[in-house]
Structure formats: C-alpha cells, structure tokens
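What follows is one structure encoded as structure tokens, with my remarks underneath.
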Amino acid sequence: MRYFKSDNTAAVSREILDALGAANGGTALAYGADRWSEALNGLFGKFFETEVRVFAVSSGTAANSLAIATLCPPWGTVLTHAEAHIERDECGAPEFFSGGAKLSLVGGAGAKIAAADLESRLAWFEPHVHGVQPKMLSITQATERGAVYTPAEIRALADIAHARGMSVHMDGARFANAVVAQKVSPAELSWKAGVDVLSFGVIKNGGMNAEAVVFFKPEQVGDFEFRRKRAGQLACKGRYAAVQISTYLETGLWRRNADYANRLAARLAQAAPQFLSVPCETNQVFMQLGEQRIAALSREFGFYPWGPTGSGEARFVCSWDTPEEDVDALCAALRSLS
Amino acid sequence: MRYFKSDNTAAVSREILDALGAANGGTALAYGADRWSEALNGLFGKFFETEVRVFAVSSGTAANSLAIATLCPPWGTVLTHAEAHIERDECGAPEFFSGGAKLSLVGGAGAKIAAADLESRLAWFEPHVHGVQPKMLSITQATERGAVYTPAEIRALADIAHARGMSVHMDGARFANAVVAQKVSPAELSWKAGVDVLSFGVIKNGGMNAEAVVFFKPEQVGDFEFRRKRAGQLACKGRYAAVQISTYLETGLWRRNADYANRLAARLAQAAPQFLSVPCETNQVFMQLGEQRIAALSREFGFYPWGPTGSGEARFVCSWDTPEEDVDALCAALRSLS
Amino acid sequence: MRYFKSDNTAAVSREILDALGAANGGTALAYGADRWSEALNGLFGKFFETEVRVFAVSSGTAANSLAIATLCPPWGTVLTHAEAHIERDECGAPEFFSGGAKLSLVGGAGAKIAAADLESRLAWFEPHVHGVQPKMLSITQATERGAVYTPAEIRALADIAHARGMSVHMDGARFANAVVAQKVSPAELSWKAGVDVLSFGVIKNGGMNAEAVVFFKPEQVGDFEFRRKRAGQLACKGRYAAVQISTYLETGLWRRNADYANRLAARLAQAAPQFLSVPCETNQVFMQLGEQRIAALSREFGFYPWGPTGSGEARFVCSWDTPEEDVDALCAALRSLS
Amino acid sequence: MRYFKSDNTAAVSREILDALGAANGGTALAYGADRWSEALNGLFGKFFETEVRVFAVSSGTAANSLAIATLCPPWGTVLTHAEAHIERDECGAPEFFSGGAKLSLVGGAGAKIAAADLESRLAWFEPHVHGVQPKMLSITQATERGAVYTPAEIRALADIAHARGMSVHMDGARFANAVVAQKVSPAELSWKAGVDVLSFGVIKNGGMNAEAVVFFKPEQVGDFEFRRKRAGQLACKGRYAAVQISTYLETGLWRRNADYANRLAARLAQAAPQFLSVPCETNQVFMQLGEQRIAALSREFGFYPWGPTGSGEARFVCSWDTPEEDVDALCAALRSLS
C-alpha cells in the first residue's frame, strides 16, 4: 500500500533524529531551563526578523488551543473557517483550553475566509453581555484544503479583526509549505501581515513531537506559561522538544522538506487536473473523483475520502518522505482513470 | 413610550404575587425540602400526563444550560439553530455549564430547523476522537422568530436525533404560547413528540424569577442536582421559586396569559400584513420595515431592530400585560405607514 | 417541631414582600435597565460611604463564586478556612465558576483564620509555574461558626494578602449580623479594613432570592458582567431582585432583623453556657452536647448535628422570624439537660 | 556543578534512543494506529499479568490529570496527600482537566497517607448536594518524599476507598523505583493491591517524553480517548511515544535504571544518616541540614531546598545517569559536614 493519507504518517527527518542524539549527553536543567530551550527566542527572532516569545508544546492541537485560551476569554468567540482544524479535528480542544469560548464559523472556498464574509459574520455580534464577543480571528496557513493566504489577504483580514479589538491567530501546522509556495519571507506571511500569534508547525514537516507557539507581541504572552504547565504541556526534559525545533530552523530543513512535499503534490495535480476540486497550492491535493474511482484507487493507495459521507471527493497528501515512486504510481493511476 | 421590546419587561401576574404572599408564613425547610417544591413532580406529572422529574432554577439561561450540561459531555456538540437563544443570547452559558461542549448550527426560515437540514449537518460528523460528537438536538418552542414546531415536525427531528444516540432538548421559554397557538396538549408538544428534556418557561409569561427543567425520562436526570447546586441555582428559600411555578400551572395562568399575548400579536400582524417577514404564530411579530419606518415608529414605541445592523427588520413582542390600548396605537401607526 | 436548622428556613420580611408588590406595576426594562437596579450603586455607595459597583445575583453561592472567578485566575488559589462555606457547602461552585481555581485551606478555631496561620500557609507557595499562585483571601463574616472578625483582624489579614498581590473577598452571607454584633459601621467592617469585594447577604436575613456582590474597587469589576450573564445569574425581570436589596438597606431591615436574631441566639447561649463549643457572637450557637442529649432534644426541636459524624456537637440558628416562644422552649430544654 | 536536582535532568537511555531510530523507517499510520502503539495493551498485559488498557501521553501531569478527569466528576473530590505532585506541582492541572473537581488533602509523614487519616478526612463529607463527593483516592508510588507504600498498605487504603465507591489512582512517576525497592511484582504493587488506574512513569527513569496511563478495569476507560485528544495529548506520530514505552518494558530498562538510581541514593543516605529527615527507600534523599550546611553544599552541588522557605531541609535525587563519581563527591561532602 502506498500512503497519501497525511503528512502525519511520515517519519522523522534524519537531521532531527541526529540532533536528538547529540543533545543526549549529560545533565540539563528541566522544564525549559536547558540551553536548547533558552535559545529558541533568539533563533525565532532571527527567523522572523523581529522580537518574539516562543514556547514549545507537544502537538498542534495544544499549540492552537493554548494560543486561543491566552487571547480569548471564556465569554469570547473565535471567528474561523467552518473547515478549520480547530473546528473539525481537535475534538473541542479550543473550547476546553479556553474555559468554554466559542468558535463562530465562516464559509469560503478552499477553506479560506474572504474579507467580506468575515465582515458579514461579525455584523451579527453586538457589544452587550447577552452574546459572546468576537475576540480572535484564526486562519490556517496553508488551509485545510491546501490553499494559501497571500500577505495582502492576511492583511485585509487582520485589519478587520484589529479594528474590532480582536487578535489574529494563524494555525501554521503547514506554515513552511505556505512560505515555500509563495516565495515570501516568514515575516511577510506572519507579523508583517498582521498575525499576532502563530502555531508554528514542525511535526508534519519532519519533526517528531514538538511544535512552537510564537507570540509576535511579547506583551500578549500573558498567562501562557501557567496555562501550558496546567495543561501538561511543559515537557520536563525540555531539551528534546527544543532541539527538534531549533534543528528544523537552523538546518533549513523547514524549507527543504516543504519544497519537496509541495513539488510532489504539484505532480499529482498535473497528472489529472480535470479532477481537481481545489487548485493545488501546497502539499495537499483534493480531487472530485466520485465513489467508483475512489474505490478503484483504494486498492493500491491509502488516502482519505473528504467531506460529508458520499461526497465523492478524495484528499492526497504528500510529505517530506513520500517516495517519488509512490507519486509516479499514483500519477499513472490517476491518468488511467476515465 | 409604549413598549414592545420583550415579554421580559412585563410585570408579575397577580396570581403569582398573591401566592408568594400566601406561602410566606412560618418556617419551611430550605433547598427544596419544602412542600411546594416537593409537589412539583406530581403537578407536572399531571400537566404532562406522564412521570417526570422537575427542578426549579432562576433563569431560562440556567435551565437550558443545566439541561445541556447534564446530557451532553464536554466533547459533544449540540445541534441547534443559528438564531437559537442558546447560541446568540446566553453569552456562552451552554459552553460554560457543559465544560466546553460545542454548539453546531443549522439554518432555516423562522428560526426553525428542517429535518433535511439537520441530516445534512449531521453528515459532517464522524465517529472518531478527532471531532466532537453530536449528542443533543436543541430546538426552541416557540422559536426565536415566533414560529412553532408541530408535533409531527418535532417527531421527525427527534427520530433523526434518537437514531444517532442524541437526546432532544426543547427550549420552552415560550412553551405556553406554542401550546395555546396550536390547540394541542402539553404532552403532544413535548415527550409524545420525542422531547427528552424541556426548559419550561414561566418568567416571560407572568412569573417573577423561576423556571423549571422537566426531564421526561427520569433516568436521564443523572447528576443534574449536583450541577444545579454547583451553579448557584439551588435556591435556599426554595418555596418562593416552587410556588411561582405551581401557581402558574394550577390556576391556568399559563394558558390565559399566553392566549392574551398571542391574540394581541395577531392583531399587530393583521394591521400590516404586507410588512411581515415571518408569519406571526405566537406573541412575537417580525416586520421588514426598513430603517426609515423603524426610525419613525421609534419615537412613540419601544422595540428592537432585529438581525444584523441595518437589516431594516423590527421585532414587536406582546406580553400578558401589554395594554390593549398600546396595541391599538401600534396598529394605527403601522396602518399609517406607507 | 420548633426549627433552629438555619436562617434559610425563615420567611421573607413583610417590608420586602410589600416592596415587591409596589414594584409590580407596568413595564420595566429587562436585565437591570430598570430604575431599581440602576439605583443600587448609589444606595450602596451611601451605605458604605464610598464609591462601589453592585450587582444582584440569585444566591450566595453565585455571589461568592462570581466574585472569586472575577479576581482569581484558573491557575490561582483562594486561601480560605477549612470550614468555609465556599469549601464545604457549595459543591465546588468556586472551582466551577473560576475554571478550576483551587481553594487552599487554613485552620483556626471558630472558623476564623489567624494572621500567623495565613502566613504559614502562604509560605508553601512558590512563584513559579509548577504551583498554583495565591491570588485571593476569602474570609466569612460572621464565620460559619458564628464568630466575627474585628476590623483590626481583617486589616491584619488583608495586609498580608495585599502584600502578596492577593485580593480580599468577604463572604458576608451574615454580614449584617456581624455589623450589629460589633457596633461598627459597614464601612469599618469592609473596605476600610481592606476588603476588596463583598458578597452581601440579604436572603438569610429577611430577603427572598437576591444577594449583592459589592466591589469596593470599581477597577476590579473586570469581566464580572459577562460572567454573571454566562452563569444564568442576570435576572431578566431585574426589578424584583433589585427592590429586595434596596428595601433591605433603605428601611433599616438589615439592622432590625440581624439584631433580633443575634439577641435570640445570645439567650440560647446564656441558657447553657457550659455546653458552648464556641463563644456565641452572632445568631448561631454551637454546643458540645454529646449524642444522647442531641437525640433527646431532637424530639422537639429541629437542628443540625455539626462536624464529622458522631462528633456530639450541635448547631442552633436563630433568624429574624424565629418565634420568641421557640427560644423560650429551647432555653428551658437546654437548662434541663444534665 | 554536580546535579542532584531531579531525575528530570537526566538524559535518555541509549536503548530508547536506539529504538526511536529503529522505528523511524517509512510510513506509520497516525494517532495510534501504528504497530508500536497497538502492541502496548498486550505488553502491559504481560507486565501486569492481567488485561489492561494502556494510553500514551506526553507528560506525567497529563497522565495524572486525564486519569482523574476520567474517573472523578466535576462535583467530586480526590483525596490525596498534602505534598502530592498533583496538589503542589501541576499548577492545578487536575482541576483543569476535570472541569473543576477538588483535591482534598490528607497529611502524613513521608508524604504517605495512613488509613486512619484517610478515614478521618472522609468523615467530613456528607452524601448531599451541598458538598463535593469523594470519588477518588490518589496516592503516589514512590511518594514525593521517596517512601513506598507496601502492597498491604495500598490494600488498606483501597478497601476504604472502594467501600465508599471511590476509585483508586496511583501516581507512578517513580513506580519502577518502588517496585525495585520492595522486590515485589508490578502486579502486587498495583491492581492486586486495589489500584484501578496507574500513571506509569517512563520519563524520569530513562524515557524522553512519553508516559502511560494504565487502566486495570477496562470498563473504567470511559471517555478517556476523547479527553486525551481534546487535551492535545494524542500524538499524531504515535509510534515515537509508543516505542519509548515498549522499549522501557521489553528491555528491562525499567528495572536496571531504577535499581541503579535507588542504590546511589542509598549510598548518600548511608553517608550521613544523622541528617535524614525521612528514611531513604528509593532514589530520593531528604536531609535536615540547616541553612548553613545547605549554603555550603550549594557551592559544588545542584539540589533543591525543600518545604517552606527557611525550613533547612534539602532534597537530593539520583537518576539512572547520575555519575558514580558525583555520588562519591557528595558522600564525601556530607561526611565532612559537622
């Protein structure tokens, strides 16, 4: 079976495994007082060309939820896309971490929020105690359908949010894929466009079990560290989380891995453009194949059907370690579909 | 100023005020061990023609939220209408009481959920740990736009819910208005149609500060009483809550008051049927007047604009104590609008 | 049966019932926009001789829990007495409302916290993310064993708390009894001694179902109003809560009722001083009677055994409407015990 | 500087690092559908000689809190020692995960709970809605002061708990140290003595960032998996957590590492028995040294003072990778103290 189920099924990049071994000698103070953890603020500061505060956590769900809980009160709501990971794939984690804040959904093709749709949704909220208050916008980069927000698109959304006193969160589980796809800098795709806090993905793109939460406005960190500890997300042997993240940045792994995965996905898209249900912009490919073609492909390839039961759509994800020959095989199979 | 803002602005019916006075003699055991509280199960059993478990609380928000928290786990979701009171007017109370359960929204004219729309929304949920699980359906009777669900409509929705293992909650803040409007029995509009737990409204229709939560399946009561206490909703001088509710039932006040309010609303609707944005079925009237007519009426009448800012829609609510002459005046004003 | 179970079993004072009737005419805007609610800040300002912010809620548990949730973050802890109502009699409401803040217990005779014991308990907390942080002190006035804190005692505790950045909450379910007992002003027993926020009791001392939360530092109100709404504690017909509270203050009922109850309790204490387990300072009397005497008295009198099962202690509570003759009878019975 | 601060400062055992590398080839299904994760139930079943359900999480705090949240409702309380890790070192995580359940503290030397003290504490709870209900007992093995519970001691406590309908949780962050110290089987020290759910520690004793929650009564698993996901504790690349845990068991690492650490600690204790404040039973040594000796030792050795500020007590922890020569040096330094 050749797998295109998710970039979660990938292994860990050699650079990261080696770095874990290299960090393994002797004593290191626990709970983030080690030298790898202490270097993170500086490393990310260079990467993003601005002062930041960075915190390691064990999963993307934790990263998103802790960021949200820090900046959205229990009586607030997070405007987000109806297909967002925080809405559909985290089993209510944002609600749990935030003490019951709400997610308010906005539609849009490609799992992207359009500025006009954000405005319309916001028009429903009133500044009184009877309703929850919009306190945050959360967008995913790249989106759950592989699309990217351009710096200008982010800016337009962020301006709307900031004008309402809302902060802007970016779920960057595939942030590297989006940066590489657009040939822009990490800064241009985040704080320069108005992002306040970023869930910076490492795991899907070569990491093992560490993600980073990056605050671009240090004054917004607030009680994050208490919340992280209280959530069981402060690793006692902190060096093994920090070194994954720093290696990912320092060796350029983030770029190499994302570039590879994006290129493979582009080949899949080009093999059967007539089936694309969404343009392929990063490492995910969505195709409207119909149930019969899905069944046929499923004999040789592992992938997920997408959307509501019976929709006939399929998702194929390429990762940093997807074998070229698996892509060759899937391309051939796609081309042979009638 | 003549007020049509809400049935919340009404006073308390004389029967209830008198009953509070009559209950005021001497000692009564606290926390629901008084004779008025202990009579509630029996009284409601007769009213609904079945065995029930009834609990008094201080507000409709508390009634809804405690019912939801009892039957929906933190990792569950409540399917409800996008305009539902629990979604738009309770500042996230269901999320708070339930420990972060979600509300998943369904659209529909008249703030009513159609069976097909419920089915479509449910198709998005999958039985795995990544997503919250549909555990409850909550419908409002009469709806936030004054419409009613017929017994057959409730049954259709409840069958869908029960087939998925979901329980069915009815927000009956205006339950009496819906019963009266349809000339059916309370039983026919609740458990006989598939409702499991009902927030039984008293306050809007003549009460002071007591509502009831009615469980039609006693085995579903679960930890309700712990949750009620823990929420500060177990009145220490319980008799003054219970006697409001029992008087409301025993004197037929529920029917008289609802009937009066519904009739006044019907007169408003008949005065300017061309403006109705939703058919008037109970005690609320919604009219698409445009901003200019709203401004003109606002000089003499108190009422709320409705929907998003600038929608041009207005809501007029009649209550048990709306003066006939206020309705006469509003009818005249509506007729004179061009 | 003659009842000394609690001041919760008492009826509502005539003055309050009359005021409810007087407020019952016509329309009043909902959710606290009525004239009775809007007068509360001013009335309490006079009563306490300082600017305050006052909010009505439906129960003492709600008052305490909302005050705590407003000033103690989820990762904070409230130092309080091991016998405090918030610890033992609210089913975890402070934990629920605050999103899981902790109560950290201090011992002390008479359910009073001594300054030295507070200091010792505080010495266990360290300013790092591994432990919850002391954020609040909560004391009860009069205490759960009927004792009072003097202004000097409150000041000593408040100074310790404030020096640690903690705020000071007073559970004043029986605040009136404590004021009357000490012949001091409400101001002297609250903000002048260092109290930041007070749960101001009305129900036990003649009210029906309204208590007040009083903030002495308006800047600490924070998100209280969102939390109150979200907890189902914002009454829609707000006038009926507000008028209870304002009548209680304006008519001097608070003083008359407390004075009466305290005097009756003093008579009980004097009837059998040899049994007193705690000096009687307000309207509660605690006696170490032994199980046999408790059994004997229980045939004619309703009261609660106190402390752990089999402790042999009993509590007798007098209220504003305890009949003199019931006290005569209990005094006689106590005197006849050998 | 020679470190005795914690077993958290240790590196990862070579066996585990090698196993991570060995598991790193190719695709593995995400979220626990990999072969390493799927083998855990069987492996632990053999280890504990009974059917179990095992779940990997990223930290001991998460293990404890998820176990507690699964078996203790929000209106319940967990009886535990006043020095327990869940009380003092997890920043309120159990309260957070459980939706506000309480911890009720019991004292006792060596951070151990005595049966009589558990009984006394339980006598304070009454089966009514006013107070939280005792739902769980949580004991730590080895305790936060290095002591062990014998099978008979656990049985005595568990019998008390079970008789009250409470479940029994063991925080086994140093479970291996306790097993090795007592020369009993893992089964004898857990389910055979009455433990229902165990937080099985791996990290402190050679692991990197994975612990296990072990349910000995599969029917008690309940909604654990939803809670784990919702807490961001379901690793997407699950193999890297599972393989740490399985290697720890299969290679006997658990025993070798614990045995080594315990033996080093025993040497420290023997070097200066006159200072021991608690008998040394596992890998932690507590000494009452006084502030001056602490200051003197601190120049060369890293360790934590213990207890309230100024207590004069110190804790020294040995781990699987503490160098023998560091122990030699500390023994010499301790012997030279007067």
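Residue numbering begins at 1 within each chain, and the chains themselves are lettered A, B, C and D in the order written.
Basically, contacts are C-beta pairs under 8 Å (C-beta built on N, C-alpha and C of every residue); 3 or more make two chains touch, one makes a residue touch a chain.
Source: prediction; values computed, not measured.
Using CA-based centroids throughout, the chain positioned farthest away from subunit A is C.
Two chain pairs, A-D and A-C, are compared here, and A-D has more C-beta pairs in contact (counted per touch definition above). The centroid of the Cα atoms in subunit A and the matching centroid in subunit C are 50 Å apart. With each centre defined as the average position of its C-alpha atoms, the distance from subunit C to subunit D rounds to 41 Å. Subunit A and subunit D have CA centres that are 34 Å apart. Annotation for subunit B: residues touching 2 or more other chains are 31, 74-75, 90-92, 96, 99, 129-130, 226, 229-230, 234.
Residue ranges of subunit A in contact with subunit B, taken from their complex: 74-75, 77, 88-92, 95-96, 98-103, 105, 120, 123-124, 129-132, 307-310. Of all residues in subunit D, only 31, 73-75, 99, 129-130, 133, 223, 225-230, 234 touch subunit B in the complex they form. Here subunit A touches subunit D in the complex through residues 3, 5-6, 8-12, 17, 20-21, 24-31, 57-63, 65-66, 90-93, 96-97, 203-204, 208-209, 226, 229-237, 240-241, 321, going by the rule given at the top.
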